[in-house]
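Two complexes come next, and they have one chain in common, chain A, joined by chain B in the first and chain C in the second.
Here is the complex of A and B:
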């Protein structure tokens, strides 16, 4: 209403409806109103899945064009002293003299059949190497998220409820510090103190139950910092609502206000925060931490593959990890629908 | 706000006078503390422009007799404030030299990412419609991808170099700028002054560049400060993993990586560059938060 720009002369609802791509483009909604006005649950999940697949396709396409059009795969396989004829021979063997479009289609079909190519370093299908590493990463991220939730949620609620008190100030500064230090460096610091100096915990690999403690703690500190900040501000905001003043004037103790009203009302927000943090974890920190602690997960595999120029393992790791994140995103969304029926009802 | 005021004026039994002095000191530092933070950044910029003024030793001179000296120990060349590495090079001097590339990559990559994000955000927020939704969806979906792995893959495919880092790192930050600028543009396009500019016949580029951009500029600046820190961490991470900056170039992240094999023998090689990096990012974060809270209070 009252929009003066020329492009907004007809409201979206009155624009002519057409099928196919146009329709798909139209129902790309901004993120904020998706959960509220997103329609049915299955519609929402389908849209999420579709977006994920499109992004994955985009990444795969970029990888393909960088590897096959900008770079030359034959050069990767050729020995250092290979002659031009030798490289041309390899070129033919790999079928690189065929049109790009044809190769791209073949590549996509291969990926759809879970054919990620053969690892040059491990001498086995690249997907097997990733399959072997994935459970370790999932295990680490889940335990790490648990640590982050413990470190972030409870102090966050306390700090938000007692805003501007010493505890709030100290923990706030600590959480900013946790977000500011490099995660891999934090891991090294823990190794130095808890592993080398005190000798309490194993420093690398995954051999015993205690192996998980340090990597998970590192993840927990880094991501706990962000969870803390978000939970703190959510609690603070809730505490300044009128009903809290009413509860106070009724004579409820601060503890009861917090326990009976505030924590329950911020519960869904807190769950959302923790859920998002899980997706964020897959955005970076966990892989560097795996490398630091030699944790045999996807991150360590990827970095080893990068050092050995093993393109197929790299590619398989990125695509499978991406698919996993999209899938867990779906699960988290479904979880919210389950927790908060208001979302499902609207 | 009223709740807090009520709490403050209410009885607060646990407070001694000594406590009050302490908290007043913190508060005084809090309101003027940003000067210290800015001073720190000025020092870093100075160190990256004229490193020789700050570095006590030549950062490349090797001295095998002065290997792995602990912080504070001296060699015939003089005092090594932060110790020496396995080739006897002075760590403090190397950290000073590393400042230039660390800052250069972080600032340049952030500015490139900001330019892309601001452009997309302005266009999307002002015009709305399909392009907007497509761009925002792209940015949002990208944050749900393991972009760090994608970055490793790209860097290993194209060969790690500073140039490629300046392509990969902006890809990680543009969605943040786009989201913030878009929200601001959405809000501003409803304002009367934009309506007036349309009515007086300003061209779209004039409205975007002369009227919208100056109004979102403060937000962009604050965001830049915070994001420079995040980009610094990403670069350090990639360099630490061996797919970022390559020796003989030096950044703080690379120094941490080089010190790692000697962690149990010479802790300072790993820990101290990390402390400097952590403090720098912390300073940027605190400054960003401070300015944001001030502009938030004013607006």
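Here is the complex of A and C:
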């Protein structure tokens, strides 16, 4: 079920065949469109899962060909004075002498058995390197998201409730600044001030507890700025709804109106905003930040692997991060749908 | 008059500063209400009637750039000058308010009983349990069946009319001395409209509270109010008792509004009688009669000076040069309060 229970308005003759290209394209509309389209929750989950697998397959394909067509690990691996025979030997060793299509097919077959290939530099399965780096990235992103939520949510609510007052104007300006500054530049600035000049915090690696502070703070500021903006506008919009005027006419204080009425209504939106921001973090900033702070996570691993043209590690890292983004997205969407429908149903 | 009036509004002026210049939404409005009175305020959209109601409790959005002048004495206290704390005490506690759209006036994520109990706990110092059971009583009072169960439900499970009943029970929860109803039936079906009006009227009599009913519909006022005042472009153009106004409307604008009520006699012609033109979007503040551009009877003086409020009958005021000049003529002729038309 599910697949066919969607609300179809087109007559059957015009309906695209099941599984046809038009249907795929229609289903790849932005999520917001589909929220309105309705259908059962399990049907939606199935469709989203299928879409997720398709996107992941695209990620696998793109990263494979990018690496294998553009790069050549033998040239990086070989000594500077290597002879042509030496390089040809390396090609054979890495299996690079065979056609790309053949290697791609082999890789897909391996992936299906959860075999991500061997690292050329580390002499171990590529997935092991990713597994080793993954906890560091999760740790960093979770702490970073916590910082972003602290910096974004409460100030966002207050600014939205006191729109166009001094606090709103000041915090809005700060958040725009936080949004506009390149994340790596902000990281470097923090290193310079807190690490080098003041000497308060370690500047790189993950050797002590305090190592997390600066990279997490950088993530927190950059993503907190966005969270602030979105929470602020959600709160502002909510504050101009008639029921808030009614609450005011009941004699409630502004604080109680915010606490008892407005936050209750913006809660789901806020949770979704924070969830999305976590996904965005994986999609971008964490790579740059890990590099700037030499944080031993998936981002740093990816960049290292790209430098060394360690194809299978690079592919494994990108695929795992991609899968993480895709399925977190799905989880947030489904969570939002679930809560939203429960609210609509009650 | 023996005692103080309950509400005494004097020269109320509300000006919004907008991007396209100031809008004089309320332009020098004065009126009084006795305890237990029922007053209808009638006018088109944009005439300033809702803004007047909101100004009484200073209920403006935080983003409104608004200037309020004049005075609003409620029970002897000027609500425009009182501090926030005491104003909150009046809001909900002394003056209850019902709004136009029952679909958006309730918090969609809070059980209706809880929304009523909130007021009770705030103004009547009730505990959680006491407030909850009183909320159920109030729901029963406004005619909601199975109130115990309904009190725990969210507004989304109520129809528009039922939600307006909830709104009413919320507004009267703390036995206010004045209930302001801002277009309480506009968003409702005609049959539901009648029920709500009946309920308001019945509550006013039984609770002894004063009712200020804001509407664009003369039918609504006729059913509920003893007195009526007509607003146009931020000004009161005519004040009278309901019966008096229907029989002897004086102001050309009131006449136009009354002609707008479709009549059974006109059914065969199928003709309606709209007032030509639009009300000014910047409200009042001009130096002429604001209605003059749309008035069939306008003469030079209407376009040159703001008309004064003149008595055209017992407790019947009209702000119209026609009335003013006619009154002068009749006084000169020694026949006060009589109109010969």
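Everything below uses one rule, namely that the second predicted complex is superposed on the first by the 249 of 346 C-alpha atoms of A that agree within 3 Å, B and C clash if a C-alpha of one lies under 4 Å from a C-alpha of the other, contacts with A are read in each partner's own complex, and residues count from 1 in each chain.
Following the convention adopted for this analysis, a contact is a pair of C-beta atoms (placed from the backbone, for glycine too) under 8 Å apart; a residue touches a chain by one contact, two chains touch by 3 or more.
Worth saying up front: this structure is predicted, and the values here are computed from it rather than measured.
Novice: Applying the document's definition of touch, where does A:240 land relative to chain B and chain C: first, second, both, or neither?
Specialist: In the superposed model, A:240 contacts both chain B and chain C.
Novice: A:287 contacts which: chain B (first), chain C (second), both, neither?
Specialist: first
Novice: Looking at A:163, would you say it contacts chain B, chain C, both, or neither? Reply first, second, both or neither.
Specialist: Both partners, chain B and chain C.
Novice: Determine, under the contact definition given at the top, whether A:98 touches first (chain B), second (chain C), both, or neither.
Specialist: A:98 contacts neither chain B nor chain C.
Novice: Let me test your reading of the model: by the given contact rule, A:250 touches which partner, first (chain B), second (chain C), both or neither?
Specialist: After superposing on A, A:250 lies in contact with chain C but is clear of chain B.
Novice: Classify the contacts of A:86 with the two partner chains as first (chain B alone), second (chain C alone), both, or neither.
Specialist: After superposing on A, A:86 lies clear of both chain B and chain C.
Novice: Applying the touch criterion given at the start, work out whether A:261 contacts chain B, chain C, both or neither, answering first, second, both or neither.
Specialist: In the superposed model, A:261 contacts chain C only, not chain B.
Novice: Which chain, chain B or chain C, ends up touching more residues of chain A in the combined arrangement?
Specialist: Between chain B and chain C, the winner on chain A residue contacts is B.
Novice: State whether A:50 touches chain B only (first), chain C only (second), both chains, or neither.
Specialist: neither
Novice: State which residues of chain A lie in both footprints, the one left by chain B and the one left by chain C.
Specialist: Common interface on chain A, chain B vs chain C: 163-164, 239-240, 245.
Novice: Under the touch definition given earlier, write down the residues of chain B that touch chain A in their complex.
Specialist: Residues in contact with chain A: 1-4, 23, 26, 126-130, 132-134, 136-138, 140-150, 152-158, 189-190, 194-195, 198-199, 229, 233-234, 236-237, 240-243, 253, 256, 260, 263-264, 267, 270-271, 274, 277-279, 281-282, 284-286, 289.
Novice: Mind pulling up the chain A residues that touch chain B in the complex?
Specialist: 2-5, 7-8, 25-26, 28-31, 51-52, 54-56, 58-59, 63, 66-67, 70-71, 163-164, 166, 169, 176-177, 179-185, 188-189, 191-192, 196, 239-240, 244-245, 279-280, 282-284, 287-288, 291, 298-299, 302-303, 305-307, 309, 311, 314-315, 317-318, 321-322, 325-326, 329
Novice: Spell out the residues on chain A that touch chain C in their complex, using ranges where they run on.
Specialist: Chain A residues touching chain C: 161-165, 239-243, 245-253, 260-261, 264-265, 343-344, 346.
Novice: Report the residues of chain C in contact with chain A in the complex, numbered from low to high.
Specialist: Against chain A, chain C makes touches at 57, 59, 61-63, 88-93, 96-97, 99, 101, 104-110, 118-119, 122-123, 153-154, 156-157, 167, 170-171.
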